[in-house]
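Shared chain: subunit A. Partners: subunit B in the first complex, subunit C in the second.
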Partner chain A sequence: MRWRPGPIFIILALAALLPLLDVVLPPKMQLCEAVRGVFLYAILALGLNVVTGYAGLLNLGIAAFMAIGAYAFGILTCEIYPFQLGFWPALALTIPIGAFAGFILGAPTLGLRGDYLAIVTLGFGEIVQDVLKNLDVVTKGTQGINPLPAPTFGGSEWTAEDEYKWYYLFFALLVVTVFAVRNLERSRLGRAWFSIREDEIASRSMGIRVERTKLIAFATAAAIAAFAGGLSASVLSSTGEPSNYDFQISILALCIVIVGGIGSIAGVLVGALVMVGLNSIVLVKATAWMAANGIGSQGNVLLSPNNWKFLIFGLALILAVRLKPNGLIPPRIERAKQ
Partner chain B sequence: MLDFEVFSQQLITGLSNGMIIALIAIGYTMVYGIIELINFAHGDVFMLGAFLALTLLGALGMEAWGPSGQVFGVALMLIGSAVFCGGLNWSLDRLAYRALRKSSKLSLLVSAIGCSFVCMNLGLFWGGAPMKVFANGNSAAAPKDFPAIIPQINLLGDGFLRITPGDLLVFAVTIPLMVGLTFMVKRTRLGRAMRAVAQDPIAASLMGIPVDRVIGATFFIGGALGGFASVIYSLYNNTIGFQMGTRAGLDAFTAAVLGGIGSLPGAVLGGLTIGCVRSMSDQYLETRWTNTIVFCILVLILIFRPNGLLGSTRREKV
Partner chain C sequence: MSVLRADGVTVKFGGLVAVQDVHFTVKQGEIYAVIGPNGAGKTTLFNAVTGIYAPTDGHVEFNGREIVEPLTGWVLFKFVCAFFAVGIFTLVGLNVETIWTAVIIDNYKFDQPFPWSVAATSWYSTIWSLPLVKNLLPLLIGGGIGVGAAAVSWSRGRRAPDHIARSGVARTFQNIRLFNELSLIQNVLVGMDYRMKTGFMSALFRLPRFYRERREFHESAKKLLDFVGLGDRAEQAAGSLPYGFRRRLEIARALGGKPTIILLDEPAAGMNPSEVVGLMALIRRVREAGTTVVLIEHHMRLVMGVSDRILVLQYGKQIAEGIPDEIRVNPKIIEAYLGSEDHG
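Let's look at the complex of A and B:
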């Protein structure tokens, strides 16, 4: 059989070539920095996709694990704390830390029914923000932990000016995540997740250890989200304030997964492009354009594109579920059914 | 140190807020009881009801009405918000949920989350509307002051406890509603139809019950209770904002689960408990940890007594 490039390959290849396009575009139109955000949320949503897409457990608090990763990265690296690790070891450590946090939340709650679990994760997302804000002795409250290190290659540390280096770093880490998740999907564990999603009782009678398998999905998602959090803290050189990891972020990740195609890696990549593109490219550029042309005003709530965010997310979810329940790029298993 | 006076005062505040939470919780529990959906948008429907009340209050200039006129005004807001929230909740079911009855529960839940976000955004727009009734009107997202048209006096004179007309209003509105609702569910034709649909929708439809209309009616009633709750909440707490629906929704859902989801007395018991826990935590711990405590209660209840205090022990069907 001749090898044909799959959708994942095509998307990643296009993303790798994007900086070439930036070279010819005028500075105002350049996309690399914004697309870096797409990569970041794609990693986060790939994590969510493991728990919600593969294992069928709705997690509404994925941003909390992102926050845990970001703060873990901050505490491990910032000079005001005793650890002072470098970028790479700290980023690597966010993965087990995130997995552990997922384990702590998941172990007692995964026996719950799906919709109860959703509420627990939603509440967890709110509480992590509260705790981070209130434990200001450790977390610096709303100031966030900063400054945080960037990776070093060849002696000198990167700065915000090294746009293309950051771009390819994010890109490379996204590729790594895609391959890791793809291999998981096709492993024995991945099959077990699908099986649980389709029918828990049947899976149990086939000898799958349901609780343990669910817990691994939960912890894997948390680990990937924490990894994304560490990465975002590094590029911003700060953890930012706790409310940067609020329910909106969890919903953005959920939108990516639902709109793109629940359980489909290529779908998540496309979903990230569409949703984050809307959120941080179209809306931001529209705001800037309207301000430049004197249309936007602080006084009129309708004329600020940022105020339409919730409506767009909400409608995206409602319409996606109604019209394209399998998303823009359905997973292979659904394509095979049709 | 446990000062009896302070404790009793917190208990009164807690019970009043608890009754409001209970009224919202009933909306969750009714909808969950009948179609097993956590209606995420319920908290935001409640929030929009508060905005409608504020708009009515401002548009009719109720602040200037005399005491007897204001009694009429409060009644007008209660009815207006109840009809509005009921209608809104009914339309959400009609537009966003009904088509998904046969899809997976996950899709239905995701659709409800979408509705919640749409409603929240409508609240943001509403709060930013150029109306002179909105104090702090410069920013759409800022919380709005709700005029205190209920006199803030102590009905017990200079006694050591303080009971305001606001406390009385809360109980005067919530108790008759709860009694009426219990009567309706237990005794009327619609109530019997609702219980039948909750038990087995297919069997109910075979008995000639118009299932979709009964579900729609449930959404309307649940929403209307949220509307009543929104008016007394606003009059009692005097500040509203477009994001208050999420917090109120989480509290009310916790209350519904605590009491046993699907159970009306359970929702009331849960609401009162959560209200008291909140006010005690505000007083004896720190306000900033209150939400964390409520969440811990939710998790503990779900782990150790998932059917709640008064819930039935029905197992999930295969």
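Let's look at the complex of A and C:
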């Protein structure tokens, strides 16, 4: 059988070549910096995809784990605390810390079904923000923790100007996440997740330990989200304030998963490109272009495409559910059936 | 030798008695049938046996002992862990600002090395210098909640379907419950899951033993699909299978765990006569392969054709048990199915 490149490979290959496009584009239209955001949200959404896409547990609080990762990264690296780890060890530590947080939330709540679990995770997302805001002895409250160190590798440092270095750092970490998630998906564990999503009673009757399997999904998702959080804190050089990790982020991640294709890695990557790309590339560039050509005005709120974000999110979600209920790139077995 | 023994099994839903005081014994290598009119409690009996419902009264024994997870030292250790985990979490959660201030902020001077050894002891003295309501009490209350929750979840899970399935009791469902989005071979592999050994890390890092195990189980899953006659459809989605084949796939999935006993809930429902003949042959082959079979069925030709012994239920009570030839002529059973002449 000849090897044919799968959709994941094609998407990642295109992403790897994107900086070449920037060479020819005019400075104002360059994409790399904005695509970094796509990569970040793709990592977050890949995490959400594990718990919501594979195991079928609706999690509306994924941003909380991102916040936990960001603050863990901040506390571990910032010079106002004694730990002062480097970028790599701190980023690596966000993974077990996130997994532990997922375990703490998951262990008592995974007996809940469907909607109830969604409400618990939603509440958790709000509580984490409030805790981070009010625990200012530890988290510096609304100031956020900063400055955070930039990554270094083999003696060279990533500075704010090194756009391509950041781009490829994000790209490499996305690739690592994609492979980790893909390896889990195509294993005994992934199969058990799917079986629980399909029919919990049947899968329990086949000897699957449902609670344990769900808990692993929860912790894995939380770990990946925390990893994304650490990364985002590093690139901003600050954890930002707790309300940066609010419900909107969770919903954006969920939109990415739904629009792209629930349970499909390639779908999540495309979904991230569509949703985040619309938001931080198309709308931003359109606003810049309109301003440059004198269309619209600062005074008119409606004429600035930046403000159309939620309108477009809503539209994209409705169109996706209406026209492509399985997502832009459905998971493999779904494709086989069509 | 008895593989499965029900001893006075009763299942009540509120005031409704679905199964009342049922006794039966299934011997090794037997094909045992449970029949009865609709609503007689056959499926409820199966659900009580496989742990989906807890019997209100009575016992179910497999190989001479009841399948409940034993209270081992490991379980007790988990309770102790739950005590300390939740207790310490509560304690730290309540006092996080105090502890953080005493351990980190008071010890850390900017640009000076952090005195790790001082910090490592100061958390301890900080906690115990607090009033008891802030340290010992939360530890005990939180720990109590932890142990309580762990004990409740453990005792609920003692007779859970997953534990019973892992002990070698497999089943199929009356209203077919396949994993429709998964392929046939994946369905069978889910049935085999508890025999697999590799875990999270070997899947994540694709260790050699992951590949070894995958190859091994894919081969035996293929063989099982061949055994039920679905080998050429291995990669198809289960949801796209014709109805008659879905029952066969359910049987293959249930056999995946190499069970000692398999419970088939109306395997012939919705099958045409020629499919029923094929199913009878399959059931016999399952028995020949060494698995004891218990089946619920309405299809009399199948029941009379394959069963060694038959149990008859009506309104949740057992009204007869015996070999097919006895059951066939038992007036009580004819009455149960067709009604007595008095009532016309």
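Just so it is clear, the second predicted complex is superposed on the first by the 322 of 338 C-alpha atoms of A that agree within 3 Å, B and C clash if a C-alpha of one lies under 4 Å from a C-alpha of the other, contacts with A are read in each partner's own complex, and residues count from 1 in each chain.
Note that in this section contacts are C-beta pairs under 8 Å (C-beta built on N, C-alpha and C of every residue); 3 or more make two chains touch, one makes a residue touch a chain.
Just so we're clear, the structure is a prediction, and the values are computed from it rather than from any experiment.
Undergrad: Check whether A:81 is in contact with subunit B, with subunit C, with both or with neither, and answer first, second, both or neither.
TA: Touch status of A:81: second partner only.
Undergrad: Please work out whether A:293 is in contact with subunit B alone, subunit C alone, both, or neither, and reply first, second, both or neither.
TA: neither
Undergrad: Pick one for A:201: touches subunit B only (first), subunit C only (second), both, or neither.
TA: The answer is both, since A:201 touches subunit B and subunit C.
Undergrad: Examine A:314 and indicate which partner it touches, taking first as subunit B and second as subunit C; both and neither are also allowed.
TA: first
Undergrad: Examine A:120 and indicate which partner it touches, taking first as subunit B and second as subunit C; both and neither are also allowed.
TA: A:120 sits against subunit B, while subunit C stays out of touch.
Undergrad: Once the structures are superposed on A, label A:108 by its partner contacts, choosing first (subunit B), second (subunit C), both or neither.
TA: Both partners, subunit B and subunit C.
Undergrad: Quick check on my understanding: which residues of subunit A belong to both its subunit B contact set and its subunit C contact set?
TA: Looking at subunit A, the two contact sets intersect at 108, 111, 201.
Undergrad: Subunit A touches which residues of subunit C in the complex?
TA: Contacts found on subunit C: 50, 52, 89, 96-97, 100-101, 104-105, 107-108, 110, 114, 119, 149, 153, 157, 160-162, 165-166, 170-171, 173, 177-183, 186, 189-191, 193-194, 196, 198-200, 203-206, 210, 213, 235-237, 239-240, 253-254, 256-257.
Undergrad: Which subunit A residues qualify as touching subunit C in the complex?
TA: 79-82, 104, 108, 111, 135, 137-138, 180, 183-184, 187-192, 194-195, 198-199, 201-211, 216, 331, 333-334, 336-337
Undergrad: Taking the touch rule as given, give the residues of subunit A at its contact with subunit B in the complex, in rising order.
TA: Counting only subunit A, the residues touching subunit B are 56, 58, 60, 108-109, 111-116, 118-120, 122-124, 126-127, 130-131, 133-134, 201, 247, 251, 254, 258, 298-302, 307-311, 313-318, 320-322, 325.
Undergrad: Subunit A touches which residues of subunit B in the complex?
TA: So the residues of subunit B in touch with subunit A come to 36-38, 96, 99-100, 103, 105-107, 109-111, 113-122, 124-125, 127-130, 138, 140, 246, 250, 253-254, 257, 288-289, 291-292, 295, 298-299, 302-303, 306, 316, 318.
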